[in-house]
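Both complexes below contain chain A, partnered by chain B and then by chain C.
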Partner chain A sequence: MTEVPVARLTRRLADTPMDFLADPATVSVPAVVSDVLLMAGGPALDADTATRFDVDEPRWRRVVLVTCWLAADPALLVRGPSTLSEWLLSQELFTLSLLVDPLTFVHDPDRREELARLTLRALSLLPTGETPERAADRLSTVDSVKRHEVLQAAKAAEERAAAVRKAMEEERAREAAARYSQV
Partner chain B sequence: MDLADEWRSHWPDALRTWGPFITLHDPTMFASTQEAVDAGLTGSFAAFSLYDREVMIDLGAVRELGLQDLPLEVLAHEVGHHVLCPADLTDKARLLVRVRRGLPGLEEHAPMVQNMYADLLINDRLLRSRGLRMAEVYQRVRGADDPLWTFYQRIYEILWALPAGTLVAGAVDDTMEGDAQLGAKLARVYATDWLAGAGGFAALCRRYLESSVPERSPASGLTSTEAPREERARGLRAQEGRRREQAANRRAERGHVTEAAERLRRLLCVGVVNQDARIPGLARSDDGGPVLHPALDPRVNEFAAEPEPEPDDGESGSQYREPFEYRQLLRQLGLDISAQEAAARYYRERAMPHLVPFPVSRRAPSTEPMPEGLGAWDVGEPLEAVDWLETTLRSPVVVPGVTTVQRLAGTVDGDDRDEQPVDLDIYVDSSGSMPNPSERVSYLTLAGAILALSALRVGARVQVTLWSGTDQFTCTDGFTRDERSILGVLTGYFGGATAFPLHVLRDTYRDRDRRTHIVVISDDGVDTMFRPTDEWGTPGAAISAAALAAAGSGGTLLLRLYSEEQRQKIAALATGWDVYRVTDWDELVEFAAVFSRLTYERNAL
Partner chain C sequence: MHVDYPVADYEPMAATALTDEERWPLLTPPAAEMLTRLRSHPAAPRYNHACGDRLTAYARDRLVGYRSRLAAGFPSEDWVMPLVARVYATVPRYRGLAVPESLSEVPTTDRHDLLSHAETHVPDDADLSDMIVYRTSGSRGPAATVPMTPEFSALDLPVLQHVLSSLGVPLRGGASRVSLVNVYHQPVAYQFASISSYLDGAGVVKLNLHESGWNSPSDRVSFLDSCAPELYTGNPISLAALADLPLTSRPSAVLSGAMALGSRLRSRLAARFGCPVVDLYGVTEAGLIAWRPDDGPHRLLPRRLHVEILSPSGTPCAAGERGEITVTCGENPLLPLLRYRTGDHAALSVVDGVPVLVGLEGRDPVRYRAIDGTWVNSIELTHVLSPLGLVAWQLHQDPAGAVTVEVHGQADLESVESAVRSLLGAVPVTASATDLARDAKPQRYSSAVAGALVV
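Moving on to the complex of A and B:
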């Protein structure tokens, strides 16, 4: 398996040009995707496949634009146009766009690492110096979908605990009041 | 080179990790744990003192923990406590307050959680910005599998992108993983505004603390454990007893934790506080409002909704914490302080902004001494009057009464009218019907403290008598200017019967020539000042009236009464005395205003 340094990809994401961060309504996403596919050695999108990138999902379109900028790295282009196209149209990237503000893939270090690692995994590439287990472990820590689940669990647990604490405090207050009223 | 010298050689580098202009004097190194314990460093391998900017390292423990080859990491970490968190004593106190708010019901663990939080911030900064091997420090002591330490170590793994299991030895479930992710994010989000994140960190730790610390008996809640402690504190061996109790608690607690957890606990640095350290502002309770759990804090959890603003209940009162809570804070900060000393500090802090003008009596134009040569000093005259220089000039062999001389001085009229402050004589009722001022705030005691400190400010002397039942009283050593003993007696508590010490009042004014203002702090039990007789059968009313006349500067009764009728009844009994009812803050302010006005009126006469 080819290895690519994660740091290089996160650096690339941090340097994302403003054109890729522009309002997706003003950018032709299929054109950008076509350019990247051409760079990867494949054919551009035809009228039929282009419509799949022309849907009314602004967040997803923005994530696709940022991912296109990332995928234009020479180390990733070698994986070929079909893998790339599959990743851009994957359900995983769509779910991610629903959970995370797309701009954080440029501005937040953890989210940059997440998109870089997810892309590497989708393209069957390994981060430099990491075993598949190590890469999976690190990805699970920054994975937003998993993070969303565990944070929801933590939030629910805290809400339960807070309710129990409140009930206990009320009970104590009642007991204290009962004690004084007997005096 | 021995270990101490080698470690000391890394000190300049440790200082430089925090900046080129950081200066701290050399660290104190203890060659063995026993030496460290003798010097007061217990429970940890390193300590920092914010009072005298000191760093202490127990090299015996360093060897035990296997950290000999990590001097820069350890020393830079200790410097971090002086530079980043908590950096000064006031912030340490504020940090403790926030952590306590995040641990309702488990406040006794606040100092440990506070240390965990400070260590977390410093370690992350050192590893990320300075590239120090902080992860290795924790790897050396890996092995604790109880929930709290598992959770804490998992935060480090996430922060530093370490593979799962590098530092963690226990099981991590989904909830803990979520909490650890929140903890890691919190450490980054609040890295520069760490006080704001402290409560959230404590709230995260709370669940794991609950399952890690030994079950407590229902009676061992924080306030309940304080109560027996109070009893002992009154004895002569109060401090010794408390130390023994703390040591026993530590031993009992240790029995429940594994050796690995103990190693991790020892890795936490402790802050040492000088016993005389003053921490201003601690009596106020404006500590930043309720704690928001990180799971509900959008800054930490991006999936959380913006919290609804707290409804403003318009209450501006209760901005001060209670004395017992103030005492707990001081003790948790590391001050080995008695209940009475803590109460004295509390009332002092609260009284200081409200000092009132205290009466000053003016006398005839002052006289100034005028030296008029030398005269013989004879045996029986005050020894301090001897002019030793002139005596030895006259004869190197000093023969008392023969060669000894003293300066003689006449007087000339001065320009100013001499001012003499009126002394203050306070009688504090400490019977069972009065509140214990060291537990709950007593506005009477506060009024007493305001008067006493106001009197001291203008140079007066103060006598305080704490009384309860017959022969149950304690008194300062006459009229004194020792603020500590004055406030100590003022904030004491007997909790017995009610019998005013008429004999003290009588004896004080038998041959007193300085003008004095008498203040009695009591409730309706103040009638024991007028109704009974003393041991010689003199009626109390006569003694009180005589004392008031001899004092010459008026008398005040500050009473905890619940109705105006009660006040009028007492006022009828206490002819010549100013009777005030003080049960809350408003009445205290009113009293202070009236007292000030009367002071001006008296002075104008």
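Moving on to the complex of A and C:
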């Protein structure tokens, strides 16, 4: 598996040009995506596929723009246009855009590392010097989606525990039912 | 009557929350007549609670099916590992743990665990809408609140039927009959009249033989002879008190639980009532586990209840070797138990092809002499000492009536002394902090007062 230095990608994210951080409503996302796909050796988006990137989801549009800048790294472009396109349109990237302020993928070190590592994984690339297990472990420490899922599960568990405690305190429960022997 | 009795739950009728329709979803007109008869009986006890069976038709039918399953004998144990898998998938306490490949890999649990985190033992997919709760007596450790379903609570009935049928004793039921009176003998206890839909509307009464629970002491005999129940259930202390009453009616069987039934009391009860006397063993969390009709070993019930005997370190004991009775049971949907340590001890053996508990060490029935000469059961002392959060204690009364309480670890000794005096009056009481871990299982109660042991 090809290896790519994470540090180079996070540096690249930190250096994201202002054009990619502009108000996403003012930028043609399909055009930017087409440029990256062309750089990766593929055809540009056609009218049909372009509409898939022209969605009124400002946070997602911004994440796609930042990811396009990241993906323009030569080591990532070699993975080819269809892989890149799949990653940009993935549910995972969309979910991430809902959970994380897209600008933090540029300004926050942990979020830069997260987007870099997620993109490497999506493109079947390994961070330089890391085994797949090590890469998965490092990603888990910065994985916003997983953290959100853990928090959601913890919240659901706490709500359930509270419901059980409440049910146990209910007068209806405490009236109980007749017992027929003594133990 | 202890007006300052510290268990608030016993305030008359304060713990009722349902309508009769909710208490008995299957109440028939004849059963309603039985209920009215019991409630309005001129010699009825001072009822201080109301309690139904809360059984739906579905639950009742399942109990009928359960009775047939018991009759078929011990089930194969192919239910155990599916239960383990289900519990690991749905019970918070086990969340995130790798599913063991055998029961012996499952960590044990105990009452302390239940006490502190009951909600983490209730499956995520369990229906909470018909939950009922019981406070355990605390005689085997700290008191715990045990959630269960009405169906699980009523499981005693098919189990008792199974036990009785093996003794040739039928349990007839029917709305013209009182099938069961569950007797207590405590300064304060719940008393209520009920009916059992499972027993086709038969009357069921829980009552307190203590005089404080009656308008007139003679009402006890009038009421009980009028009920003429098929069965009496109770504990050795309450059944001994029952045997002292000049009853003329005769039950078909007497069933004792909660504490060890001594052979002398068994003989006395059998002679007094002229019927089989059964000693039951169980725990609130798992239901009835074993029984014996004589002074032999306790026979395990053919429930889907797996019994192990474990050493203090948690390793399985060899057949015949004494250890802690540990149960696995999924019959209570609100509290499936995996390797639950009961705090009771016995050896597991097989007699005549039936698995038995040999040398079961339950709670000794001890009573204490109050300053006014009346007797107070050890379970009463448990009620007043449990709320103090003591880890463990040993309470002893010397021949002169002086009481010493040894308390494990840190404790407010003044509170301990006043709790004891709240029941026994102005007897000399000395509490001291000590290390009870010196005993594998500290015996909570002992007495050198003549007559203190009900045997």
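Basically, the second predicted complex is superposed on the first by the 149 of 183 C-alpha atoms of A that agree within 3 Å, B and C clash if a C-alpha of one lies under 4 Å from a C-alpha of the other, contacts with A are read in each partner's own complex, and residues count from 1 in each chain.
The definition used in the following text is that contacts are C-beta pairs under 8 Å (C-beta built on N, C-alpha and C of every residue); 3 or more make two chains touch, one makes a residue touch a chain.
From a predicted model like this one, the values you see are computed outputs, not experimental measurements.
In the superposition on chain A, contact of A:H107 is made with neither chain B nor chain C. Once the two complexes are laid over each other on the shared chain, residue contacts for A:E149 go to chain B alone; chain C is not touched.
In the superposed model, A:A161 makes contact with both chain B and chain C. Looking at the shared chain after the overlay, A:R52 reaches neither chain B nor chain C. Using the contact criterion defined above for the overlaid structures, shared-chain residue A:A177 touches chain C, although it does not reach chain B.
After overlaying the two complexes on the shared chain, residue contacts for A:R8 are found with neither chain B nor chain C.
Common to the chain B and chain C interfaces on chain A are residues 157, 161-162, 165. Residues 9, 15-18, 22-23, 49-54, 92, 95, 118-120, 122, 124, 128, 131-134, 145, 147, 150, 153-154, 156-157, 160, 180, 182, 184, 192, 194, 196, 204, 206, 233-235, 255-258, 280-284, 287-288 of chain C are the ones touching chain A in the complex. Partner chain C is touched in their complex by these residues of chain A: 157, 160-165, 167-168, 170-183. In the complex of the two chains, the chain B residues touching chain A come out as 104-105, 158, 161, 163-164, 174-175, 177-179, 181-182, 203, 206-207, 293, 295-296, 301-304.
By the touch rule above, chain A contacts chain B in their complex via residues 99-101, 104, 133-134, 137-138, 141, 147-155, 157-158, 161-162, 165, 169.
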